[in-house]
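There are two complexes below, and they share chain A, which is joined by chain B in the first and by chain C in the second.
Now for the complex of A and B:
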């Protein structure tokens, strides 16, 4: 057992401040355990969102020592505890109270992305046939738990507040999962270029670094989508090739 | 109230709750890139000297050319290029170095590379200087508008870069042949040979792991299994792409070292050691 100080942000949309709580911690504890302990012993009104405590629901996203992380997946032996540990809410979304933020903007964005539109069924019984290797690529994107840590760390949203012009890494991954799906026939590239602002991403890979599911967001989702946008809108040789060899 | 008005206030430059040394990585990237830019610019301008040729080493029958100057299209009388000496159409008021008509290709390829873009936006433009750290500017255009929308031309530099890989491979091949006093070429290996071979291997590892190539070779397909050549190509490029940053740094360092090696040999400061010749 050792005694550690946690500096937790307390406040709401009108403002707030960091408040120090000192508590005893033991081996194997995660940050969410500490928050619950402080909630039980020192600050009964401390608001935080959590659910599965197993890194699968994506609810307990916060910034621990300034880095977006899941509280339930951050063991105390992963962070320095000899100095006060800072726990803050995500900065990319409006504050509700304490560590809870309003992430509803994400769900509004999701409704604007064109839905999955499969080709006609391959078999008379209304089913399709796919090769595993064709599905492997999009399978990675299905691991997303929608914790929105990637949205939180993305400087386009976090520092520049481009929420109206840019959908953020989470929804670029979502779009990639649809756009690269072997059965999908929908064209999302015009929206990606214009209203969804893929050009705002400047490939800093912060989203990839914070993803708790280790999805290679930048290299496997965003850059391939950027290249598809280049195919469609910025590549004169590609246009020529399409004229010479149109798709059957 | 607009949505953005409900968001937490933007923080000043460098403001963060991160207690780690977040500034170290962008600082090293800044120093590394700056050192290369300064050296390569200096090396390119050394070609202005029409009386000495320090970008090519022909001592003891060797035939090494610096990658900064290859292909040597138009040289000087002291070492004519493939098409002879300084072209007549070159404007007299612009100083001429053989590197000037070469270096824009690798420079453009690296400048528009997806890895380098992310790295130099952080290190040179602080946009952002590191993840979850406050930025110096509040306005932001990204690559959505001019001028950075031009980065979308990366694949065109890739096409040229692939040609350069072939040329540098040929240079490495030439570095394996040593001419004796009778004018007969003998196969051999010297330190310079190894330097040039490692150079082309690292540059190829970097070029063949390019994100644009990954897309063009198979990533553009939704069902790559239907075109097995594309599927295999995609798998190979993805394998190299996985370590693209490592290839980028190693090849950057080694291409600079290759120029240093050949330059110092040509100046007589270093002596090329030959392991054997047949």
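Now for the complex of A and C:
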């Protein structure tokens, strides 16, 4: 047992401040435990999101000592506790209250991405055939728990507020999962180039670093999508070929 | 003054957005009716994401001997024959089509060598039957349904909570709730309502369930006049983490024991050898060496006692802890590291066979399972009981009110097989959506009286009134919730006795009194204290239903174990327990004969014995 001070942001869309709470902590606790303890003992109305407490639902995203992390997966022995520990909401999204932010933008963005459109079934019984090695890379993207930490850390959104022109790493991964799905027949490249702003990403890999699911967002999802967009729209040989190819 | 609220009108209102709720909403919407979906959390965060193993469907991709009849017989055997046979039949027949449908909507399952959906073995299933994606099948399922559902014209109200259902005469015609963000009241008028609210693990101290699992659907249905069935049957999984506190209840897969992990008490004794039930003696090893050979694939060896049924292992662990032979944090030891005595490179072997467990303990407990034993104990896992529904339509005993998934009862009987939950959500979520839409088309909108709404609003705001009245000595909702969970854990947990449960009933009376006086601070905006206070009503209702049902069943069966009646009783096995709200407002109980299977299904069960 030791006594630790936690500096938690309290407030709403109109503003707020860091408030100190001092509490006893014990071995093995994670940051979310501390928040729950403070909520139960000192601040019943402290707002925070959480569900599974096992790193599987992506609800308890926050900035702990300035680093975007899941509170349920951040053990106290992973961070210095000899000085106050700061817990703030994700700063890229508007505040609702305390640690809860308005992430509804993400849900709106998703509805604008064209849905999965499979090819005709491979077998008479209406089923498909795919090899495991052909689905491996899509399965990596589908590990995403939608914690939005990658969106939070992305400077295009965080510093430049390009929410209307750029869909962010989460939805580039989502689009990659659709585009690379062996059964999918849809074409999402024109939107990626235009309204979804893939060109804004300058591959600093901050998103990859904070991903709690260890998805290699930049290398495996974003860069291949950028290459596809380049091939489709900027390759001069490709242009020429499209003009002169035999019509059949 | 009339309460200020916003009104929404739907043909079908779905409450809950896990697997069952999403599937119901998609189906109802596809039938051409206007659908609203309300969920307590953000979309895609429901407890379905926690499911690991897979969804059971007799597709026969790995073993072509599998078919719906085998799946049906397995489900009935697992449920100890008190299941709703019609649901078990429909489930077994329709699950394969529901899995294929998910693939058509974009799900990416693991594959067989010939490119089909891969299926794995699981407890109680005769053949490899679980379609899966590694150990994150639940996430794959909810994300697929979510990503398909958002293009179906369904209106989703995220982070809204329903407090009570609204009625017109005998019929449910809507719901009353609030939005979490602003705490404003919302009225839903709906021709049909589907409950898909999941489980009630939060009635117990040690559980894998999140804050959402407060039995809302069970309680909403009960207070609206619906009957609850089989509320005594709760599945306690034997191996949940007990330390550190942050992960108490988090599951440790059965695979650890399957790979040779053993259970020991604090004296280092493998206590499972002490209690092997008679009907399992012939197939269980009494020799540690033989048990080890079984786990290494020796087909001539018998299984070690650690791999007896979930309910039995959970009870044995409980016995050791109660007798003072437990581990420092109130569990027992599960040790896989010992296999280094048996095989070279044991550490690498364990990491390869149990990667997610290795990771889970390293990250959360700072414990290397290749070097040290884990501390584990039983955890509240799943509610078999719930709203009594018609097997085909999923309509409850109240017209216009449907239920699907964990909050509905029947499919699993006294004990659920692993993998039958995800398929349950799909099969009966779809049916609930289909028949709710049909009901909505055949019935006009009902009338909701202002008096009902005013009463609901008054009740919802009561906790704030206590605060302003300056109640000296009263307490916050968290303390009451905590005491309720501890009491249920101690008195109506894995091992039950008449005297303890009678004490629990008295305890519930006192807790109800305390709950009615809880203090809530702050305002209505995103105030978890207020929400916890409102959830107490649901927790108290389901806790009473569990306790009364468990008191009445004077035998042990599946998820219900009575120390004072440790054996199965043939007569008791002929009835299901039903609770309902009496005319005086008190909880009533009746026993209902288990409905008789048609001859052809009886024959299926016989053939598969």
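What we mean here is this: the second predicted complex is superposed on the first by the 237 of 248 C-alpha atoms of A that agree within 3 Å, B and C clash if a C-alpha of one lies under 4 Å from a C-alpha of the other, contacts with A are read in each partner's own complex, and residues count from 1 in each chain.
In this section, a residue touches a chain if its C-beta (ideal position, glycine included) is under 8 Å from a C-beta of that chain, and two chains touch if they have at least 3 such contacts.
Worth saying up front: this structure is predicted, and the values here are computed from it rather than measured.
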Partners on chain A (chain B, chain C) - clash or fit: fit
Touched partner set for A:128, first chain B, second chain C, both or neither: second
First (chain B), second (chain C), both or neither touched by A:181: both
First, second, both or neither for A:92, with chain B first and chain C second: first
Touched partner set for A:153, first chain B, second chain C, both or neither: first
Chain B versus chain C as contact partner of A:80, first or second or both or neither: first
Partner chain(s) touched by A:20 [first = chain B, second = chain C, both, neither]: neither
Superposed arrangement, angle subtended at the Cα centre of chain A by chain B and chain C, nearest 10 degrees: 140
Contacts of A:235 with chain B and chain C, given as first, second, both or neither: first
Partner chain in contact with A:200 - chain B first, chain C second, else both or neither: first
Touched partner set for A:46, first chain B, second chain C, both or neither: second
Smallest distance from any CA atom of chain C to any CA atom of chain B, in Å, after fitting: 12
Residues on chain A lying within both footprints (that of chain B and that of chain C): 102, 130-131, 181, 184
In the complex, chain A residues that touch chain C: 12, 26-30, 32-33, 39-40, 44-59, 72-73, 75, 77, 96-98, 100, 102-104, 107, 110-111, 115-116, 118, 121, 126-132, 135, 138-139, 142-146, 178, 181, 184
In the complex with chain B, residue positions of chain A that touch it: 13, 63, 65-68, 80, 83, 86, 88, 91-95, 102, 105, 130-131, 133-134, 153, 155-156, 158-165, 180-182, 184, 197, 199-206, 209-210, 218-219, 223-224, 226-231, 234-235, 237
Interface residues, chain C side, partner chain A - complex: 41-47, 49-50, 100, 103-106, 108, 110-111, 114-117, 133-134, 136, 139-140, 143, 147-148, 150-151, 158, 181, 210-212, 243-247, 250, 360, 363-366, 476-479, 482, 520-523, 525-530, 532
Of chain B, residues touching chain A in the complex: 3-4, 6-8, 10-11, 16-20, 114-115, 117-118, 121-122, 127-128, 131-132, 134-135, 138-140, 142-145, 148-149, 152-156, 211-212, 214-216, 219-220, 222-225, 231, 241, 244
